[in-house]
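Following this message is one structure expressed as structure tokens.
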Amino acid sequence: MRKAGIVGAAGFTGAELMRLLQAHPDFELHAVTSDALAGTPVASVNPTFAGSGGLCFSAHDDARLFECDAVFLAVPHTVALDFAPRLLAHAVSVFDLSADYRLRDPDAYEKWYGKRHTSPELLVSAAFGLPELFPDGLLDAHRRCAQGEAVLVACAGCYPTASTLAAFPALQAGIVRPPVIIDAISGVTGAGKTANERTHFCFANESLEAYNIGKHRHTPEIEQILGLPGQVAFTPHLAPLNRGLLATVYLPLAHDAASLGGIEGIGQLYQDFYEGSPFVEVLGQGVLPKTASVAGSNRVHIGLALQEPANMLVAVSAIDNLCKGASGQAVQCANIVFGLAEDRGLAALACYV
Amino acid sequence: MRKAGIVGAAGFTGAELMRLLQAHPDFELHAVTSDALAGTPVASVNPTFAGSGGLCFSAHDDARLFECDAVFLAVPHTVALDFAPRLLAHAVSVFDLSADYRLRDPDAYEKWYGKRHTSPELLVSAAFGLPELFPDGLLDAHRRCAQGEAVLVACAGCYPTASTLAAFPALQAGIVRPPVIIDAISGVTGAGKTANERTHFCFANESLEAYNIGKHRHTPEIEQILGLPGQVAFTPHLAPLNRGLLATVYLPLAHDAASLGGIEGIGQLYQDFYEGSPFVEVLGQGVLPKTASVAGSNRVHIGLALQEPANMLVAVSAIDNLCKGASGQAVQCANIVFGLAEDRGLAALACYV
Amino acid sequence: MRKAGIVGAAGFTGAELMRLLQAHPDFELHAVTSDALAGTPVASVNPTFAGSGGLCFSAHDDARLFECDAVFLAVPHTVALDFAPRLLAHAVSVFDLSADYRLRDPDAYEKWYGKRHTSPELLVSAAFGLPELFPDGLLDAHRRCAQGEAVLVACAGCYPTASTLAAFPALQAGIVRPPVIIDAISGVTGAGKTANERTHFCFANESLEAYNIGKHRHTPEIEQILGLPGQVAFTPHLAPLNRGLLATVYLPLAHDAASLGGIEGIGQLYQDFYEGSPFVEVLGQGVLPKTASVAGSNRVHIGLALQEPANMLVAVSAIDNLCKGASGQAVQCANIVFGLAEDRGLAALACYV
Amino acid sequence: MRKAGIVGAAGFTGAELMRLLQAHPDFELHAVTSDALAGTPVASVNPTFAGSGGLCFSAHDDARLFECDAVFLAVPHTVALDFAPRLLAHAVSVFDLSADYRLRDPDAYEKWYGKRHTSPELLVSAAFGLPELFPDGLLDAHRRCAQGEAVLVACAGCYPTASTLAAFPALQAGIVRPPVIIDAISGVTGAGKTANERTHFCFANESLEAYNIGKHRHTPEIEQILGLPGQVAFTPHLAPLNRGLLATVYLPLAHDAASLGGIEGIGQLYQDFYEGSPFVEVLGQGVLPKTASVAGSNRVHIGLALQEPANMLVAVSAIDNLCKGASGQAVQCANIVFGLAEDRGLAALACYV
């Protein structure tokens, strides 16, 4: 059993990490921190843990974090900057769910997150945590880890995960003429645990809205992953559900769809790309994904369709924003880094209803 | 008091027409038909009418329809073909909420709706029921009606209403370089009253999905309204709420945004366009619409934003799909045709929560 | 047009009062106050008012309140104590939606609300605002108002309204053997606009819970209305919807149900009791109410059933907690006090869906 | 690995059984039947299974059912009568999720389910599947099973499970004076997969209702479990969520609460009763359960409160109606019958949000 720590365990992604790791056969929860709730039994805050033992939140400076094999940082951006270097210095591998180590360019970080990056050297060495698209960095981290080195993984964000998994195979195949348009819808867990007018039940319920058009912080991350600087128009929306993120990606085709084998040919391209990925399922022709089919799981469903007269490929992906979009993906990365099966502890299916 | 009839009063748009017309100061419900429920008190099916008098559904062949000043057809497509010519022949003005008289081209109708149009001559004379964009046809219908002629109004569909109100001012101003992408999300009332797996609570709840990509029947209607044949990529989505339709329209700009006065200049263009429209509100800069703010009302909220590097205008509109997207719009059209104030009986605001 | 003021207009019941009064043919909004939002346009906070003129929130000490004919207090308990005496002293009639003047006994007020009552003399003269059960006090207030006297109406709470309308006819008829059990479920608007973990979408959504068992502040109010001190067991629940309150009231019968004419006889008793009430509808035999059928309206639906072996009458009532349970009822009381038709401005029906 | 079959695998409880059993370390799915979908890949109907292998539905007469160690009957009542005797005759143990073998009295079965029972002898030998209250019957079934005998377990219904787990400890301790009142609320999965007006999203959403008062078929089952014939008043309600069942049980106390040690004493009584149950958690004093805290899990949370003046204990329990209320409980029973740990394959916690 490897010792796992969670910094920021009281938030939504922290709680999801607790759920996944307490059931993981190869990790045990060693320290779960929350400054606001230090000393409080987890079960008294998070009743899903009622009767599951006496786990308590500890303070962020809990020295047991340094005893861990892996620490997961489920903290707001800029906070991870305080933890990652210190943990690495104590030989603890770090899986950062915040945005702090995602952007390779420290200037881009400063522009979008409003703070000068304090450990830019780690931006170079960090592996990017999106295993289906960047396996090499994670496998390299695994090799380094196996040799006793502590590694840092910058796990991809929720919108970037869903969007780029939908767009990447077509882009890599060179069949797309940018710019690409990404229209995505998230459930309210994506807005975090902070109670405000935006997350109030009565305002989120029975409503739909777009937000942060042209200025969402996931835009540069998506552009970096896809290698399309300034070529991505990304619009996030909020809808009244807890978990689920649907990304509808419009990919103008560089050639006539027929010359690409039509939707069958493009579907085969996606099937081939995700061959061997335990979590990504390219749905059959004419089938579009529903977020409910992956909620609570680490799975990704992708459906494809053509907008014929406009000669566009529309790739739609569905994920659970808290699981594959955050905590599940972090565990998936940890599995890879520690040499476990990629889906270890992550095989649960969604509920049908 | 003008006599109003509703054919198909048991469905969602029929019930919404009943709600609006029973409270309308200038119309009275004279006949409300439902073949399946003929003879049944409305209140026993629709308990919002409990205690509101003894209104009963009658059969579709109820002769009282021919005594009406206005009949609203809240029927599935192809069914309106049976009613409109007969009602007009009896000097009854017809407000058709179905798709049967929307497309000017009878071949397009046959292609998309699978039936040869049986009264193509009415496609020429019908006024298109989207008052903010096509006031002239409705004013002409008003003049003809005032002279004793029965008129036919083909009311616009829900997705076309929201989408084209968001796109039209920019297109008319010549600042857009097509194609345009329309990404829209509807509540489940848009799927109609038929109970099936799609509309089952447990499948629609806590889920998001896209559907009918590249083949939704509202596509040709949107293209006709915008004058952009083959230049519209339209993707509808379903989200777990009852009422509400949000359209996010991507309009690539023909010129640099700055040369158009930036978002302020474009906002002013929209403000000017909708000056005098009692129902359309162009929100202030930086404000995006929420469907809850218009639910239960006939209002339209439009917000504007720029996707800067991609040089796109994103226009987002929110409507209540059953009200402004269907029944409210039909009543609005009837108000115009009968020379009443456009917002007569339609002034109610949405609930804040 | 009578001038109306709202103190606490930014909350849920305040917003509902604004919605109702801006559409009321006999009232105009003269001052709407919110200390936190003084000077802010209503539309910038509450977008349902976008385009509805330049109404702004003013501070609680806005002197225009004293120019009003009626001021509605949509404030937390204990705050109304500050406003009611001063407004009355300025000859302004007051409709208090808070709990401050509901309990006749100042000691009970102190026990349940934790503050010594500062105007106990008004507890004697205040009319109780539940017109269907206490018409006499309101008619007396009308007479006093017609003679130029400012009056105070203590409007009933949401749970008491639904519960006692369901229980009262049977109790008054002497067919019940107390204690009575009231099991009620409310939508989340009942928890107010304050954003906290309880009202966070992700915690309220997809969950059910009971709360405040045996200690909810509406208990003494229900007992007072029903004249059953210590004989009411009241359990409120929270369910994931915005508006709606369902009260299921268990009334042990003093005699065999058959001797009371069975469910038909009891149903007739209820029908007779509510004869003439424009808002209360006793549903037909075997029909139980749904909150959706009254949401957004001032209506009350009551259904009746027997639990045969246990010889209990179960009376179920459905209301909209913000409308009939708060703001609509206050307007109904104002209508009566000012000699208007009881349903003036309140006739709108719920949406079918 | 034991071979498991599911009859009626396309319904909600069938799908939940598939979810649980495909992840169960000691069972493998050998045959999953659905007459309507025979020959169809599971994944094409239930997309949570996309990419999970080629499992197909077979017809109800699939002979592979007779090769199973355990067959779970997830069929409507009266249908299980056709399957149980035949499977037992083939030495297959049967876990019946329907109501067909729950009532000991065949006359009661006929009265409530409208059909003469065709295998009343099995009513005597069937173990009742509610392990926390009736462990002996299941342990006896385990012994018989271990000796090669096929056994029948009649799994308890959803409302009876939640209600009786809340009521039983107090009743067994003799501190209750019947009748007891059970007021319960279920999510819409409890209404099953059939699409009708009741389960239509737009009718179930944003509404609350009571139904089947005094005539719900779970009433005699609850009375049988509690040993209180004619002493239970049970009212089920429907609320807009997928999974979750909350039962609020009113238990009039036979003695003064203080003489019972107050809520602490009664809480201890419940704690002692459920000592050793892996799934039941009696929450701390003042804590009431939320269904979300157990959704997707087999857990039961129980909270206790007093209604002091009325001298009633209120016991509130929360379960997932599809899991502990149906499929999870059936697997729990199978674990016991086959000598596995009671929580084998059932240890997953609910999601926090």
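Going by the order they are written in, the chains are A, B, C and D; count residues from 1 in each one.
Here is the rule we use: contacts are C-beta pairs under 8 Å (C-beta built on N, C-alpha and C of every residue); 3 or more make two chains touch, one makes a residue touch a chain.
What you see is a predicted model, and the numbers here were worked out from it, not measured in a lab.
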Fill in the blank from the handout: Chain centres computed over CA atoms; the one at greatest distance from subunit A is chain C
Practice task
Between A-B and B-D, flag the pair that has more C-beta pairs in contact.
Solution key: A-B
Practice task
Compute the distance, rounded to whole Å, between the mean C-alpha positions of subunit A and subunit B.
Solution key: 39
Completion exercise
Separation of the C-alpha centres, subunit B versus subunit D, in whole Å, is 46
Problem - Contacts with 2+ other chains: residues of subunit A - result: 12, 189, 193, 202, 205-206, 240-243, 289-290, 293, 353
Completion exercise
Per the touch rule, the subunit D residues reaching subunit B in their complex are 12, 188-189, 193, 195-197, 199-202, 204-206, 240-242
Completion exercise
Listed in rising order, subunit D residues that touch subunit A in their complex are 12, 15-16, 18-19, 22-23, 44, 46-52, 189, 193, 206, 242-243, 281, 283-284, 287, 289-290, 293-294, 296-297, 299, 301, 322, 347-353
Handout entry: Residues on subunit B engaged by subunit A in the complex (per definition of touch)
Key = 179, 181, 183, 185, 187, 202-203, 205-211, 213-214, 229-235, 237, 239-246, 248, 250, 288-293, 295, 303, 305-310, 312, 314, 316, 318, 353
